[in-house]
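Just so it is clear, A, B, C, D, E and F label the chains in written order, and each chain counts residues from 1 on its own.
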Amino acid sequence: MSRLRTGIRSTTIEPYPSAAAGSVVITQGRTRVLCTASLSPQVPDWIRRDATGNPEHGWVTAEYSMLPGSTPQRKKRGPDARATEIQRFIARALRAAVDLKKIPGVITCDCDVIVADGGTRTAAVTGAWVALAQALGDVPIEPVAAVSVGIVAGRTVLDLDYALDVAAEVDMNVVMTGRGRFVEVQGTGEKGVFDRTQLNAMLDLAAKGVKQLMKVQRTCLEKLE
Amino acid sequence: MSRLRTGIRSTTIEPYPSAAAGSVVITQGRTRVLCTASLSPQVPDWIRRDATGNPEHGWVTAEYSMLPGSTPQRKKRGPDARATEIQRFIARALRAAVDLKKIPGVITCDCDVIVADGGTRTAAVTGAWVALAQALGDVPIEPVAAVSVGIVAGRTVLDLDYALDVAAEVDMNVVMTGRGRFVEVQGTGEKGVFDRTQLNAMLDLAAKGVKQLMKVQRTCLEKLE
Amino acid sequence: MSRLRTGIRSTTIEPYPSAAAGSVVITQGRTRVLCTASLSPQVPDWIRRDATGNPEHGWVTAEYSMLPGSTPQRKKRGPDARATEIQRFIARALRAAVDLKKIPGVITCDCDVIVADGGTRTAAVTGAWVALAQALGDVPIEPVAAVSVGIVAGRTVLDLDYALDVAAEVDMNVVMTGRGRFVEVQGTGEKGVFDRTQLNAMLDLAAKGVKQLMKVQRTCLEKLE
Amino acid sequence: MSRLRTGIRSTTIEPYPSAAAGSVVITQGRTRVLCTASLSPQVPDWIRRDATGNPEHGWVTAEYSMLPGSTPQRKKRGPDARATEIQRFIARALRAAVDLKKIPGVITCDCDVIVADGGTRTAAVTGAWVALAQALGDVPIEPVAAVSVGIVAGRTVLDLDYALDVAAEVDMNVVMTGRGRFVEVQGTGEKGVFDRTQLNAMLDLAAKGVKQLMKVQRTCLEKLE
Amino acid sequence: MSRLRTGIRSTTIEPYPSAAAGSVVITQGRTRVLCTASLSPQVPDWIRRDATGNPEHGWVTAEYSMLPGSTPQRKKRGPDARATEIQRFIARALRAAVDLKKIPGVITCDCDVIVADGGTRTAAVTGAWVALAQALGDVPIEPVAAVSVGIVAGRTVLDLDYALDVAAEVDMNVVMTGRGRFVEVQGTGEKGVFDRTQLNAMLDLAAKGVKQLMKVQRTCLEKLE
Amino acid sequence: MSRLRTGIRSTTIEPYPSAAAGSVVITQGRTRVLCTASLSPQVPDWIRRDATGNPEHGWVTAEYSMLPGSTPQRKKRGPDARATEIQRFIARALRAAVDLKKIPGVITCDCDVIVADGGTRTAAVTGAWVALAQALGDVPIEPVAAVSVGIVAGRTVLDLDYALDVAAEVDMNVVMTGRGRFVEVQGTGEKGVFDRTQLNAMLDLAAKGVKQLMKVQRTCLEKLE
């Protein structure tokens, strides 16, 4: 099991060569996710057109996948229910960071997990945000990052790795903005329930973790400029 | 748009004839969901076996589907990403109500939406819990119910119908136990973000709504006994 | 096994709330089917266009599905060969009731079986006809209803429930109009063969059953007006 | 449109080389279907086992497919609703010809349409019966053949080609045994309805056609012996 | 195992009735493939349009499938990885025979294997070329044919049947033009490797086989004129 | 377009962290492929068992996929015909390097393209061979590497990047062993044909390229030891 920590696991976000407009690898502890952001001019059919026939706004979507070698027992390729839920989570988080009216087309953020050691969905949000910022260029973007918190053996824990995640009574994923507002709070008592006091303790811890992650995001963005 | 309310929408849970072990229809405002609970002796392969070759515990799963006539524009049949996410939410909520070691096999709770007017996933949890209790017979079950809350035009609102849901800045689904603990908290700022004060106000409102729903659940269960 | 009857099983067709233009539940014995009729303006591509670019006629189609709780052993969701065959049967029957040139678009009749106790495909035709009539409003519709007949232990039987159906040597589904003409005759010797005399006896019985069903259809339609 | 005929179209059934246990090509007018019968020892799971663990009976199933070059406009490969319905029809007809208790395993009759000019499903039954007989060797088999009849411009017609089929008010497929009993009667008023007198006239014509087809079947079987 | 041969197996290509523009059956030893060529006016979307909006060129594609009765153990229907690879091979070979700018639309060559006894992909190329030529009418076409060669027990062998193919250390498929140039060379050491000398010996043998096959192609084309 | 080269593009193979038993990234020019080798004890059903019930040999298989960000225009996820053909090519090449009797189970080599700039399938073979060697540990493995050659504007070219590949008249992929034998030779005249002299020139160039690649493989393997 992981060592004693008071903050998030050791985290880096590095530019990574790909053919996409934005492309980074985030490593958070042993978890490692390749995040790319690709532009396409064609928006979905359901977006309304204005009087001149142009779409009223653009769109940001996400896809999440675990590469076969990301788990000790090889992960089979292909969509599954968990990935479907996760990529909807990532896309909602990223859309909260942008003004869709400023986006000309669709940006797809692909999050491919290279090593899965817990917290892949929150790492994907945090990393994909940098790839998205890179792809957007001069279009402004709000800081958004995500972290997991949980209750393990009755104690609140920040940024759970796989061993902690398996042991956790409660697991919560929190997406926040740079001003400390919540974009998404997803707390689940997989093996227990939680009261308001525990919820508050987890949210405090999450806020602390998100601040640390935003520093790492900024460091990477500065390299990219 | 819906009238002024201080509580949940008008809600009933009624036994409904089917071939399943548990079977009710929940109506919450205009939303209407058929919830059945079917028993099967065969557990999934991934459940470990004990020394005598028996599975260590049973399982509770859920499927969620919108019937084609449930929306003004006919809903196409077949699985979609939203349904996948919702049925995982329902299943987690129901598993929190039971001791899986007491369940001999698999119980599948099917939630088929007959009319969709907002809050179908929380109505599905609240209704399926009754069908599950009916199917379990003498096996004990913890009270669990779910309700949606949100922020509409800056005000917290309980049990959003479709019109409110579309207008909401923030949408939150809350699953709670009879003792007021949280099983699941899923808050999403689809068109806005929210701070801790707003989160707390929504959770207070949700607790109130869940209490009202548990009364309706008990009334139906008493009819079934 | 079912009691002695000289006519059809006890049958009701009741309006049922949904978001579709037409919506009823038919119960025939224990069999229970939710039938909705939804309108869509867009016709299939294969329908020819007239000189002004409008489609030459509309279309009526049907989908048939058994809900998971409709059978004692839970029915898995998703299309299967039997359902495919049945929904083509229902659609042909309903198209015989209307003048497609009077229909502006596509009407999809969804037949979702809530309890399956034999005769679901004929109950679906009889119930969906009422939903279709309701959705059509002032557009005229010919009476059409369907019933099953069979040979069980050498005797002709009307409106077989599941136990009789399993025991039957011959199973026949008959769709008829209000003037006593045949729209469809589907007789199958699953466990035997049948001669002309037996065929005639079954057709006589079917004609009698269809008359009874049309009374129930009219009663429901009057309620809806 | 086809010439005046009082009987079936010109029909031959010829042995055709393949790797299957039974293999013929039937040509009926321009319609041409390759019918093979393949043996497999493994029966479906739903067939009950006797006390010694052996399946209580064997099974006969069928698959129907139109080859891409069988229609003037290329037919796309892959299953469709019509093929699903047709192969169930073929399989029921063939099962009526055999005592399943005498069949050790599964026989799959594959009917691949090389030229489609009407009546492919009945030609498939008639041809596949010969392939099945060939595959069965000494196991006894009842004569079974199928033919289509219809009403075109108010007159009953035997063995409709594509042009007649398109023009027909009523279309009926009839499967009969050597003793003149019905195995299956499927009459559909696609563009009209029919009364008892017309039904009887069509059945008389079908009986005549089936007798002619059984002669062709016997001729081929004698070649194969 | 097959008898001693110095040339290709006994080969015929015969016109075969279908509804397609080109249609032959090739038999090579026991291997037998039905090859049809169907015309469609609509080209794929990726083909560029010229200034007048017309596609810059047409397209030739191929589909390959084994009929269920083509193998002693019944072949299941539906696409598989091997068929996918083979139909891409066939299509490339056929495209080398034509000037796509002369082709107005898409020609799909369907190769359905009736008996599989080795060399089905090369027989498919050789046969489909004749069907393509027939469908093209006056549009010129280059001679193209294909044959397999291999190394069995250390000796080079031409036109392997199934027994030889299973025994072969090296298997090579060669597509050539009438002027002796290569269109495709696909040599695989499934159970061994090969050096340059062996490669040359196989290519010599393939050239000899292709010449023999082109004679059979011409004989069939003359019949069709 | 690429600069003048007399050898292969600049190539490195580096260990890369993942959860798989073998894991490297190969970069060849701008092309970049993540190759992992995962072990699984369970062999496919078709592998025969010996007298003691153990499988007679193990298996090596491969999967090939292009990540969405690997191409300037985002690549959609999911299997396609080209990937199917390529992964069969990779797997055959890798199986030639090992004695399957020495492999206890299945090794799956996953090749996920991070940047696609030509030659991805041959880079995948070369890189996956190192991952396979790493996963095999002490089990001996033969040197195997692959390279592409082609004819561009009439001249033979080694190791084509995307621009050269698009311009090439002939494209050939060559897999060779450490002793200079061929495992696979796949030459295709996509926009031209080639004669024996050109084939020989391409094979000479390929042999040179493979030698260079094997040096890079060895360098990486030494790091891993």
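In this text, contacts are C-beta pairs under 8 Å (C-beta built on N, C-alpha and C of every residue); 3 or more make two chains touch, one makes a residue touch a chain.
All values reported here derive from a predicted model rather than from experimental measurement.
The chains in contact with chain B and with chain F alike are A.
Two copies of one chain, chain A and chain F, form a contact in which over half of the residue numbers belong to both partners.
Comparing A-B with the candidates C-D, D-E or A-F, the pair whose contacts agree for more than half of the residue-numbered pairs is C-D.
Chain E and chain F have Cα centroids lying 27 Å from one another.
One simple way to say how far apart two chains are is to compare their mean CA positions; for chain C and chain F this gives 59 Å. Work out the mean CA point of chain B and of chain C, and you get 33 Å between them.
Counting only residues that touch two or more partner chains, chain E has none.
Taken as a contact graph, with one node per protein chain and an edge wherever two chains touch, the assembly forms a single closed ring in which every chain touches exactly two others. By the touch criterion stated above, chain D contacts chain E in their complex at residues 16-20, 23, 30, 32, 34, 36-38, 40, 63, 65, 67-74, 77-78, 108, 110, 112, 114-116.
Considering their complex, residues 81-82, 84-85, 87-88, 92, 96, 172, 177, 180-190, 193-196, 199, 203 of chain B touch chain A.
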